[in-house]
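Look at the two complexes coming up: chain A is in both, with chain B in one and chain C in the other.
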Partner chain A sequence: MTEAFDYSLIDWSRAQFALTAMYHWIFVPLTLGLGFIMAIMETIYVRTGNPEWKRITKFWMTIFGINFAIGVATGIILEFEFGTNWSNYSWFVGDIFGAPLAIEGIMAFFLESTFIAVMFFGWNKVSKKFHLVSTWLVAFGASLSALWILVANAWMQLPVGMKFNPETARNEMHNFWDVLLSPMAVSKFTHTISSSYLLAAIIVIGISSWYLLRKRHIVFAKRSIVVAAVFGLITSIFTILTGDYSARVVAQNQPMKFAAFEGLYVGQTRAPLVAIGVMSTSPEDPDNENIKDFVFKIEIPNFLSYMAFQDINAFVPGIRDLMEGNEKYNIPSAAEKIARGKLAIDALAEFKLAKEAQDQAKMDEARQILDENFQYFGYGYFVDDPSRLVPSVPITFYSFHIMVALGMWFMMFFAIVLLLVYKGKISQSKFWLTIGIVNIPLAYIASQSGWITAEMGRQPWVIQDLMPTMAAVSRLDTNAVITTFILFGVVFTTLLIAELKIMFKQIKIGPKQEGGH
Partner chain B sequence: MFETFELYTLQQYWWIIISLLASLLVFLMFVQGGQTLIYQLGKTETERSLIINTLGRKWELTFTTLVTFGGAFFASFPLFYSTSFGGAYWVWMAILFAFVIQAISYEYRTKPANFLGRKTYEVFLFLNGLLGTILIGTAVGTFFNGANFSVDKMNLTNIYDSAISRWETPFHGLEAVLNIHNVALGLSVFFLARVLGILYIVNSVNEENILVRARRQMWNNAVPFLVFFLYFVIYLLLKQGFAVNPETGEIFMEKYKYLHNLLQMPVVLILFLAGVAGVLYGISSFLFCRSRKAIWFGGAGTVLAVFSLLLIAGLNNTAYYPSLHNLQHSLTIRNSSSSHYTLTAMSYVSLFVPVVIAYIYVAWKSINNKPIEKSDLDDDSSHIY
Partner chain C sequence: MQNKNIFLRAFNFYYEGFRSMTLGRTLWLIILIKLFVMFVILKLFFFPNFLKTNFSTDEERSDYVIEQLTKPNN
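Moving on, here comes the complex of A and B:
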């Protein structure tokens, strides 16, 4: 019966969303962080009146503008793709998910786009203070838009504040504040936003390092490094703290994803954290190609239990516990969840028939079964193939560990740079300046890895436990999606090449002597 | 405050907000219209740069309004989002691609090492102006002429084929451009955008040659606009419409439905007539009195006219997205909206809109306080596209 699913349609629809989201995420974190770095620099300019700071601010605004444009270009697609490629999803949770998108437009996008015009065109048209306020509003507007879209994303990972209505066959919002302030929303926003600030600081230091190595724009580069390193150290510490909090939220609400982070197949108390690990290329479980075991690993004893539950004696469930169940720790098996999910789905169908027949007793009965089993509604779609409930462990494991390792490394790097600045040795430290340049691609790898961890780790769910990708996808011809995937790939890659060429050229030109954008 | 409102009141309120956003979007598409006139109004590189720079100061406003319109539609009428976007795939994708290529073109056009060359970015701007306006107009035409979809929310319970909405033609929306009435609306929007583009450019650019050419171009665009617009309006007022029985929810065809809507909602009729008069006054005051402030009449008229047209598409017991496949599957503001709670929460958010409009006004005035001139293009201290 599973042949009835067009898995290629699901895979291509997912691929298209991943492609467009990942392209979008190349440009967004830099603008999120650079907005604040520019605003700090302009504040120093307004307070000191030193034109050198204006020159520094304007150069980084140029870099901001180039990124912002392509961020906008790649962003519009995502909003509409929820409808074009995930139409069932749009109805099933549109009552909750649509609101943050609309609020994002009304409260954040207009703020950003209105004051960006003042920021770029207003140097000689508005007062210094109005201009400075505009720059800060652009920075806040960008972060505010990130807030709303991340609230929406967090809700998909931890659906709260809603109730399923069988009359309309959808989830309906019951508490806006639960949606806005859920632990997942708080952790997702704070971690994503601080990591974006970190990335921007790395880019500013990297570009400035290049100038120092070439002995160009020395004053500009040193001042940029000071601002970026202070900003970067603070935000990297914040990134690590929020990352730690995020991991705990995931452990409590998405145990399968958490198990995939660590490649943990068999749950245990005093679970060790895999610091470094290499996975086998052949499946550990012949029935599931997503599960692969380690050929080599270095572990930190007890640390995973502590990280997840702040208790070294806590039990961390493994993939096998989640699939086969574990009575001791009261974990239901996948088979049980699937059965209950199917009960919920069938009860919804019964409810509809009873309503048509105007049989109130049967409606009440169906509704009760639905309510009792709704928390597993999405599992009902896996009656034929439970193995799909497991995400790709290697991809999740590697992306999680790359992100964590690089995050730690960046914090150390900022501290080292600040130390060198303090000792007045930054211009002579060729080694660390070279590392500064090497860090640029690493920052993007870390940033993308974060999203791969979050999104691949939660597969197969679009809405955790309630709606899998197979029940969310639009009913399109696979070839149509392949065609648009290729078109997006070609167009976005072309635009990326243009963006990079323009960026490199502007960096080569460097900050202008006076005025000029 | 909003909590006490009936669900239907909130649904009407949100249809009004959506209509207002759509009408502001059509007005702001003067940017798109202007982009299709770059070569007709500007014969030298400097003239073209003047036009692009004055349009470039507003493109993000149009873009943001489009994105907000999409988000607000999703939040208030998610079943439309689900049905139309997921079904009329090719039309929406074409619109999106047209806007993707716009977003980078202003910023990248004159930057050194821009990979594709200045001309390519100008072609992108032209394509955005051409396709963006015509396709959005054509898509809105389906609000009055219907589309080939079916909806059954209970498909969700079929675990092997759970899509709740299906498109019933293999063309996924492309068939809309084969309907002459949809295309007439699309072309009306296109020529109206050009008319507004001309009015905005003469308002914000100080260059005699451009002003002279603008007058000639106004004739070339105002006449076809009026032809297509009058054709569409007359057709609309005489055609059968998709009515809803408010008691049963049954959809049925009603003769002169849209004419009835105007007559039964006299305020909307007045808004419509005022809007059409505003656009006509804007065009004629520029053509005959050489007014350079005609954009304000043309713009306000556009907002009122489009606003009232969309109101008659959804209010007064009308199905705003009719299904040609099965009349009873048509979308109405009652059967496609968000819940009472969400509409209430969103209604509070809508109270921010006047604040947004106020700061947009302040920023607009501060940047457009004097028309752009050739000397501005050499101003090294400003951002030049």
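Moving on, here comes the complex of A and C:
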């Protein structure tokens, strides 16, 4: 059945979505994290009454404002794309996506727009405490609005709390709480926001480091570094803990993605974790070019089994186990899942014919077959080419390891910065201040790598096991998709240049001198 | 003199806030241009809703999607 699809159209549609999502994600994490950092700074100002803290807060609020203004509504384009480029998917997900996105829209509009106005316009017009509450609400509001889109994304990775209606070809929500509180939703939300907070801390330290290297705004920069380093250290520990939880959830619910994380071709007990590895350019499996062996690797014994199942003796299935099946560990083969998926697809077609013929008995029979096999519905599209069930292992492996390595590095960096602050040597440490600036692009690379790991690793699925990317895409003219891809490239690059230009100008100007509240 | 009307006070709060903006004016200009490009140019000319544009009822949309899901080579 795979031969029925136009892969040029699918690849361009995916590229277009990836481009818009990645550009959108340049703006989002800084907004999420900087909100809390400036709220902490303003809290210190309110508690101490020291006008320097007000100056510090207002400067970072300006940076927040620039990032917010440039980034706001860039996510709406993703929603346009759902309707235009991914219409089968949009229809299929039914109200599962509708409810969280509607809540996000309402929340973002009322909470953020109201309190952002107080935050920016309210200095000296509302009481100090009311202003502070507004700043905190902006910070919480931003993270809460991120919750809903992340819940929707998590549902795609672990579809729960719904029932498929064959009459409408839509999934209907049966249990909102299952959707909201699924392990995938919890891990996705906590890991994504904590890593965003970490990113913001890196940006604050990076910009402050630049001031210290230039010997400008020394007090401002040192104080900003202290707040950001403490915030960064706490959130980086939280990021690592949530990342660990996230890996366990993936191991249990998306074993193919987990195997791709580690380039694990053959499953094993006491599986080692590849700490550092370089993949070969030639395929390990001649039938699948996505699978590559290592030319070099350093492993930590038993750690992968422990990371996945908190048991060093646990069996971690490899790509081969998931494709060929493993009776000993009760893992069905891809062929078995494909056969059941095909049954489900055929049952849906039968159901439609029976409905048109108003044959209730046949409808019931088809529905029963569909219900019994629906969990493998998407596998039915891979009859001709099961190798497409394997994601690109090198991309998943490298993006995962880049994210993890940088996450660990940032935690160490925050600790080093705090140590230097404690010893009173931060402003003289040219090396570490320079590293602080270098860390800025690295933080964005880590953040984007996280999403590449999550989204490339779950291929070929747009909804895990139920709908592959190729069945989700709208039948459009490929050239139209290429045109919008280029258009987006231009629009988003212009926005990014505008942001950087305005931001660099404000950083150059630095914090303004002013009196107290 | 303090105006007691809450709506008028809210209006004045926003009015004064917008009036006293400096950098904010540039940012608002960018936001407005961006929204125009997104909602007027992109949405109208490049991103019609595929199912809403091509089918008039939900039943037709369902039939089309089922067709796509069950016979993708059609």
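The rule is simple: the second predicted complex is superposed on the first by the 507 of 517 C-alpha atoms of A that agree within 3 Å, B and C clash if a C-alpha of one lies under 4 Å from a C-alpha of the other, contacts with A are read in each partner's own complex, and residues count from 1 in each chain.
Keep this in mind: contacts are C-beta pairs under 8 Å (C-beta built on N, C-alpha and C of every residue); 3 or more make two chains touch, one makes a residue touch a chain.
Everything quoted here is computed from the prediction, not taken from an experiment.
**Student:** Putting chain B and chain C on the same copy of chain A, do they fit or clash?
**Tutor:** After superposition on chain A, which the two structures share, chain B runs into chain C.
**Student:** Quick check for you: in the superposed arrangement, does A:L101 touch first (chain B), second (chain C), both or neither?
**Tutor:** A:L101 contacts chain B only, not chain C.
**Student:** So in the superposed three-chain picture, is A:F92 touching just chain B, just chain C, both, or none of them (first/second/both/neither)?
**Tutor:** Both chain B and chain C are touched by A:F92.
**Student:** Of the two partner chains, chain B (first) and chain C (second), which one does A:I486 touch, if any: first, second, both, or neither?
**Tutor:** neither
**Student:** Using the touch definition from the top, say if A:V219 reaches chain B (first), chain C (second), both or neither.
**Tutor:** Neither chain B nor chain C is touched by A:V219.
**Student:** Which partner does A:F110 reach: the first (chain B), the second (chain C), both, or neither?
**Tutor:** In the superposition, A:F110 contacts chain B only.
**Student:** Give the label of whichever partner, chain B or chain C, reaches more residues of chain A.
**Tutor:** The larger set of chain A residues in touch belongs to B.
**Student:** A:I70 contacts which: chain B (first), chain C (second), both, neither?
**Tutor:** A:I70 contacts both chain B and chain C.
**Student:** Looking at the overlay, does A:M412 come into contact with chain B only (first), chain C only (second), both, or neither?
**Tutor:** A:M412 contacts neither chain B nor chain C.
**Student:** Quick one: classify A:V383 as touching chain B (first), chain C (second), both or neither.
**Tutor:** In the superposition, A:V383 contacts chain B only.
**Student:** State whether A:K352 touches chain B only (first), chain C only (second), both chains, or neither.
**Tutor:** The answer is both, since A:K352 touches chain B and chain C.
**Student:** After overlaying the two complexes on chain A, where does the chain B footprint on chain A coincide with the chain C footprint?
**Tutor:** In chain A, positions 1, 4-5, 65-66, 69-70, 72-74, 76-77, 80, 83-85, 87-88, 90-92, 117, 120-122, 125, 168-170, 345-346, 348-349, 352, 381, 470-471, 474-476, 480, 484, 487, 491, 495, 498, 502, 506 sit in both the chain B and chain C interfaces.
**Student:** Please output the residues of chain C touching chain A within their complex, sorted ascending.
**Tutor:** Per the stated touch rule, the residues are 13-14, 16-18, 20, 23-24, 26-28, 30-31, 34-35, 37-38, 42-43, 46-52, 58, 61-63, 65-66, 68-73.
**Student:** Given the complex with chain C, which residues does chain A contribute to the contact?
**Tutor:** 1, 3-5, 62, 65-66, 69-70, 72-74, 76-77, 80-81, 83-85, 87-88, 90-92, 117, 120-122, 125, 166-170, 345-346, 348-349, 352, 381, 470-471, 474-476, 480, 483-484, 487, 491, 495, 498, 502, 506
**Student:** Provide the residue numbers of chain A that touch chain B in the complex, in ascending order.
**Tutor:** On the chain A side, the touching residues are 1, 4-5, 65-66, 68-70, 72-77, 79-80, 82-88, 90-92, 94-99, 101-107, 109-118, 120-126, 130, 134, 165, 168-170, 172-174, 176, 342, 345-346, 348-349, 352, 380-381, 383, 470-471, 473-477, 480, 484, 487, 491, 494-495, 497-499, 501-502, 504-506, 509, 512, 514-517.
**Student:** For a test of understanding, state which residues of chain B touch chain A in their complex under the given definition.
**Tutor:** Listed in rising order, the residues are 57-58, 60-61, 63-64, 66-72, 74-76, 78-79, 81-87, 89-90, 92-93, 96-97, 99-104, 106-108, 111-116, 153-154, 156-157, 159-167, 170, 172, 338-339, 341-342, 345-346, 349-350, 352-353, 356, 359-360, 363, 366-367, 369, 379-384.
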